Each structure stands twice: as C-alpha cells, then as structure tokens.
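Below is one structure. I have some questions about it.
Chain IDs A, B, C and D follow the sequence of writing; residue 1 opens each chain.
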Amino acid sequence: MGVGRLEAFSDGVIAVAITLLALQIGVPDHLHGHSLAHALLANWSHYAAYVVSFTTIGIIWINHHAMISRLKRIDQSILLLNLVLLMTIAVLPFATDLIATYLGRPTGQSTAAAVYAGCFMLMGVAFGALNRHILIRRAELLEERVPLAERRQILRRAIAGTIPYLAAVGLAFVSAYLTLIVCGVVAVYYALPAASRRAFVD
Amino acid sequence: MGVGRLEAFSDGVIAVAITLLALQIGVPDHLHGHSLAHALLANWSHYAAYVVSFTTIGIIWINHHAMISRLKRIDQSILLLNLVLLMTIAVLPFATDLIATYLGRPTGQSTAAAVYAGCFMLMGVAFGALNRHILIRRAELLEERVPLAERRQILRRAIAGTIPYLAAVGLAFVSAYLTLIVCGVVAVYYALPAASRRAFVD
Amino acid sequence: MGVGRLEAFSDGVIAVAITLLALQIGVPDHLHGHSLAHALLANWSHYAAYVVSFTTIGIIWINHHAMISRLKRIDQSILLLNLVLLMTIAVLPFATDLIATYLGRPTGQSTAAAVYAGCFMLMGVAFGALNRHILIRRAELLEERVPLAERRQILRRAIAGTIPYLAAVGLAFVSAYLTLIVCGVVAVYYALPAASRRAFVD
Amino acid sequence: MGVGRLEAFSDGVIAVAITLLALQIGVPDHLHGHSLAHALLANWSHYAAYVVSFTTIGIIWINHHAMISRLKRIDQSILLLNLVLLMTIAVLPFATDLIATYLGRPTGQSTAAAVYAGCFMLMGVAFGALNRHILIRRAELLEERVPLAERRQILRRAIAGTIPYLAAVGLAFVSAYLTLIVCGVVAVYYALPAASRRAFVD
C-alpha cells in the first residue's frame, strides 16, 4: 500500500471524528422556565470541551501528516500501529461528550475528566509507538537519511507530549476544571507557531 | 505540508458537516392525533434552515477552494487559521438545529436566531482572517504575483460578507424569521453566477 | 476549480450520506416482553428501506461519476447545480428513516412513502438539470465532441429515471409498500449490468 | 471509472463507518445512585465491541485495498459487488451497537451475538464474491498475470475468513461472550504481521 493511500484513509477518519465532535453539543430541549440564553450559557462546558478537543485533534492531524510524509514506503506494522492510533482518535467524540456532560455535576466529574485526559494520553502513547517504530526500528523507510541522534530527539519530543496528559489525569482528582485547562493549554502550546515550527523542522 | 493535503482534509470536514445538517431534521415520532402531513409541515423551519445552511456551507466550500488554490505553498499560520475556520464550520449543524428547533416558539427564538447568524459571522471572520494572512502578510506564497491594490480589493470583498451576518444578528431581536431570510438571501446572492463569478475572477 | 476537486467533494458527501443511512436502523431498546428476534423482525421495514436507499445512492454515485468524468472543465453553474443535487442526496437518510418508521403504521404511511419517493424524484430532477446544462447548454466543456442527437438521447435517458419515481409518489396513496417496491425495482434495474452498461456507453 | 475513484469512494465509506462505531458507546446519563466509574465499567461491552469492530473494519480496509490495487481496470460487476460489500460494512455500527447493548442482558444476548457475527459473515461473503469475480472470472483486469493455481489459492484464503464467523454465529447460542471473543480472535489473527503478510504476498 502506498503512503498516499494510508494518509487519505487516516485523513478521512480524522476529518469525520473532528466533525462529529459538534454532535455532543446538543440543543437544549426543555427550558424549565428559564430563557434559552440561560440554557445555552449553562451548556458552556460543551463549547469549552469542543474547542479543546477540536484543536487537539487538529494538531494531531498536522503532526500525523508530518510523520507520515517522512516515509517513502510503509510496512505492515505501520498499518496496524496507525490503525490503533485512529482507534484512539475516533473515541475522542465520546470522551469529549463525557467530560462536557459531567463537568460541574456533583457526582462523576473527576472520573469524567480523568477518562478524558486518559484518552488523550492513550492517543499520545499510540502516536509515540508509531513514531518509535518508524524512527528507530524502520528508519530505512524514511524518505531521507536522518542521523540516529536526531531521530531520537524527534521521538523524545513526540513522547514528551504524553507527560502533561498524565499530569492532567492526576489533576482530575483535584479539579476536573484543571484537567480541561491543562488539555487546552497543551493544545494551544502545540498550536503556537514557535512550538509547532520546531516540531516541523525536526 | 502540501496545498493538496490541506485542501483534501478541509474538503473532508466540510463534506461531513454539510451532510450532517440533515440529521437535525428528525422524523416526527408521535403524531398527537394529527396526520403525518400536518406534523411534517409543522417542521418547516427545519427544512428552511437545512436549505439555508447547506447553501451557505456549499458557497463557503467554493470560496475556500478558490482561496486555497491561489497558494503554491502553505505556512504554519495558514494551517492554524484554516483549523479555526473548520472549527466554525463544523459547529453549523448545531446552530442549524438550534434555530430550526426554536423558530416560532414563544421563548428563545430571538436568541436562537442571533446564535445562528452569529455562527455564520464567526465563520466569516475566520475566513477573513485566513484571507488577510494569505493576501496581505504572506503574498509570496501565492501562485501568481497579484498587485497589492487588487489583493486589498479581494480581501475587502471577502470581509464584506460578514456585514450582512452582523445585521442578521441584530435583526434577530426584531424577528427571528427575518434573520433566517437575510441568511438565505446572502447565500442566494453569493450563489448567483454574476456575484460568484466576480468573486472568482478576483 | 478542477473537475477532480468537484468529484472528490461530491464523493465525500455521497459517501457520508450513504453510510449515515444505517443510523436510522436503531437498536430496539425495550422488548416489551417479546424476544429480541421478534423485535428485530418487526423492524424489517428499516432493513428494506436501507437496502433500497443504499442501492439507489450507490447507483447515483456511479452515474454522477460517469457524467462528471465526461467534463474537461467546469463552470459556475455546474458547481451550483451539483450543490443542489448533493442537497437532495444528503436528505435521503431522513427520507429513509421516515418511510421505515411509518411503513405499516395505521397513520401516516402513505404520506411517508410519498415523501420518500418524492425525495428520489427531486434527486432525479436535480440530476437531470445538471445533465441538461452539461449536455445541451455547455457541450463545449465535454472532454470529447458528442453529436447533438446522441447528447439528447443521453439526456432523455437520464430524465426518464424520474418517471417511475413520479409513479411511486402516486402509488403511495394506493399502498406504501408498493412505493418501496417500485423504488427497489428501479434501483435493481439500473444496477443490472445490461441497463447500466447502456447508460455508460452513452 | 478508474480504479482510483472506486478506491477513494470505498475508503470514504469505510472511514465514516469505522468512525461512527464510537457513537454507540454513549455517555451514561443517569447514575441511579452509583458512581460514574461504576456506570462506565458497566458499559464494558460497548468498549469491547468497539475494539473488535474497529479492528475488523480496519483489517477489511487493508484487504480491500490489497485486492483493488491488483486491478488495472474495473467493470460494471466490480462496481456493483463492491457496492454490496460497502452495504455490509456500513451496517456494522448498527450490529456493534446491538451486541454491545444486549451482551449480559437476560433476554436477547444470543440473538444479538448471532446477528453481529452474521453481519461479519455477510461481509466476508460479499468480499469473497468480489474476490471471486476479479480472480477467476475477470483475471484479464489484473495488473499482472497471475497463474490460475495461485489465484485459486488467494481466493480460498479470502473465503476461509467466513468460516470462523459461521462458527461464531453457532456459538452465539452457547454463549454470546464466546461469539465476541471469536470475532476478536479473528481480527487479531489477521492483524498479526505473519498472517497478514501472507495475505499480502499472495
């Protein structure tokens, strides 16, 4: 299978997952005597979670592309590790719905936030595993020869992304809001030109 | 990342968002003693909102394509501004559901209409920001050299599109129906060969 | 805009619409003392409507491709007529849900069936209008020169497809089942190698 | 129609179907006095079914690609058999929701599991029919000349995949859990580099 085919299918799954995120927002049906503006504002956690998840998936799409485009050929393990990565991405609309629904509720918000950050962490681990396979085990599939030291550095940076998510899982039991904020900060950090340009140059 | 890749991903998100619009129509479940024809006709706001939103997203797809196809390369800011634009497009099925659900209800229809037109306006602002970055700040990425005066004119026209949406937000508090009509007129106007050909020629 | 871009976007919308069809099937939630097998069999209209709609959209995809691939360039009217066609395709998951839900119910099944066949007819009309524009008004956009007589014949065949749907709308008031059968027969007829090969050769 | 077009459309349908799988997971709404962690754990069948179905569709995507990429041209029957295959894939989110909902319930779990494995079997049969048409009946459409004995062997292996699904249908009446396990084992088996490399080499 060609690199282009793998990329097109991955882009398809990521495009569907990122667009399905908005389905969880939900139109308030009964206003219970309040105004619609009140009901919409009470739904703020859904918009916040939408923005954080959309940005995160968008960044992952950019990084996924940067990684795959380094390849001239793919092997069976890349296909399968990529499938695992897509499996963790396709589950994010569920995780987003979960944290948005439970944020601020008296019961379950810590669990919901931990699961949310945990799904991002899982995605990071899958991304790291795919990166590791490409950069360390099958470097001969790369378009250009890259020195081992440099490949190791790219990998370290890719894996470093999972650390704040691990912290966000732990912070969920302090405050679910904190978890969402940390996830948002990670997304914004990677979206900033400086950070991402660095990621690209590598 | 190549221009083609950015376009393919954007097309994917836009294609999913435009097709999800129909999910909000919804099959009437209980007829409450009325005929199905009656129940379907009572749902007219869902069809009207579907047509307006579908046409608008379709026009945005055409314009997005016209803008991106002017590029020979993309930079990191284009990637991110494009992601913000897609974020405002992916939310439109929600906004469409919102206005369709509340149009004609005694409570909330002004708010729903204002949010609907506000989402279109947001999309227009994101589109304008992306256009501005391409045409003014990074004109060297354009396929062909275009004089500054002409680039400014293209940008002015792109930004002009947000003005009727701003008006539509205000009109929501006069009549929610008026908001939907204005949004529909904007879509039809940009769909008319003359207007859009002008937009293309630029 | 290139022909390839138009095709890719149309393929995207059609692929999403055809896959969303299955969402309307729905898992029975309460068994009301019956077995699950009983509840699943009672849902037969959803499977029948799924197969008919899936086949029909699949055939339309094939025909859409055959038509677009005849073009070497596209104009603004093709873009817009194509958008209208996609608008009628994206609404088919709703129409499929409608007939599947009401088939066999004491109230509303004729209306549901008429709307279902009416949506197919609308799709046929949009397809005919797009065909007519390409074949008669803008024949210079065709990849190869085709004599007018032959172009008229292709158009007549494309338009002929709407006649059975018109009949199916009328038959809805005799029997909703008959409508679904006619729509299914049309799909099977166009799917048969002989008929479609003829459509292709033209 | 070119091979690339057929592949792109099929990839689109498969990408949407695989991503819709996660919609069936569902966020628990009422906790009935339990913790959210308890409610999420009680939903385990949804995660298990998600992983099994996602992996299976992923493998089918890889095999579909391997098969289509052997072609230099396509005929009308390939188009239609491929449409039937896609019809069986697009229904898998429903089948996944069905088994995940009924697994462990006192009523209906055998039926749900039998339908689940039955849908996979149907997909296998459609895949086999498409393979048979390509390999035996229209071998002249293949990119490279492959001896008949070898083509028969590839076909036998493709068809062999339906046997464990047939067994899984039968096992549903012993234990629904067993059915899910068998389907999972089949997916893992085909995902293992050795097995799939063999499938690729053929």
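Please note the rule applied: a contact is a pair of C-beta atoms (placed from the backbone, for glycine too) under 8 Å apart; a residue touches a chain by one contact, two chains touch by 3 or more.
Because the structure is a prediction, the values reported are computed rather than measured.
Novice: At the subunit A/subunit B interface, shared numbers over all numbers used: above half (same) or below half (different)?
Specialist: Subunit A vs subunit B: different; shared/all numbers falls short of half.
Novice: Which chain has its C-alpha centroid at the greatest distance from the C-alpha centroid of subunit A?
Specialist: Following the centroid criterion, the farthest chain would be C.
Novice: Any idea how many Å lie between the Cα centroids of subunit A and subunit C?
Specialist: Distance between chain centres: 37 Å.
Novice: Distance-wise, how many Å sit between the C-alpha centres of subunit C and subunit D, to the nearest whole number?
Specialist: Centre separation, subunit C to subunit D: 26 Å.
Novice: If you look at subunit D, which of its residues touch at least two other chains?
Specialist: Residues 8, 12, 15-16, 20, 23.
Novice: How is the touch graph of the chains shaped: line, ring, star, complete or other?
Specialist: ring
Novice: Could you list, by residue number, the parts of subunit C that touch subunit D in their complex?
Specialist: Against subunit D, subunit C makes touches at 7-8, 11-12, 14-16, 18-23, 25-27, 29, 31, 35-37, 39-40, 50-51, 54-55, 58, 61-62, 65-66, 69, 191, 193, 196-197, 200.
Novice: Could you pull out which subunit B residues touch subunit A in their complex?
Specialist: 1, 5, 8-9, 12-13, 15-17, 20, 23, 76-77, 79-80, 83, 86-87, 90-91, 93-94, 97-98, 101-102, 107-108, 111-112, 115
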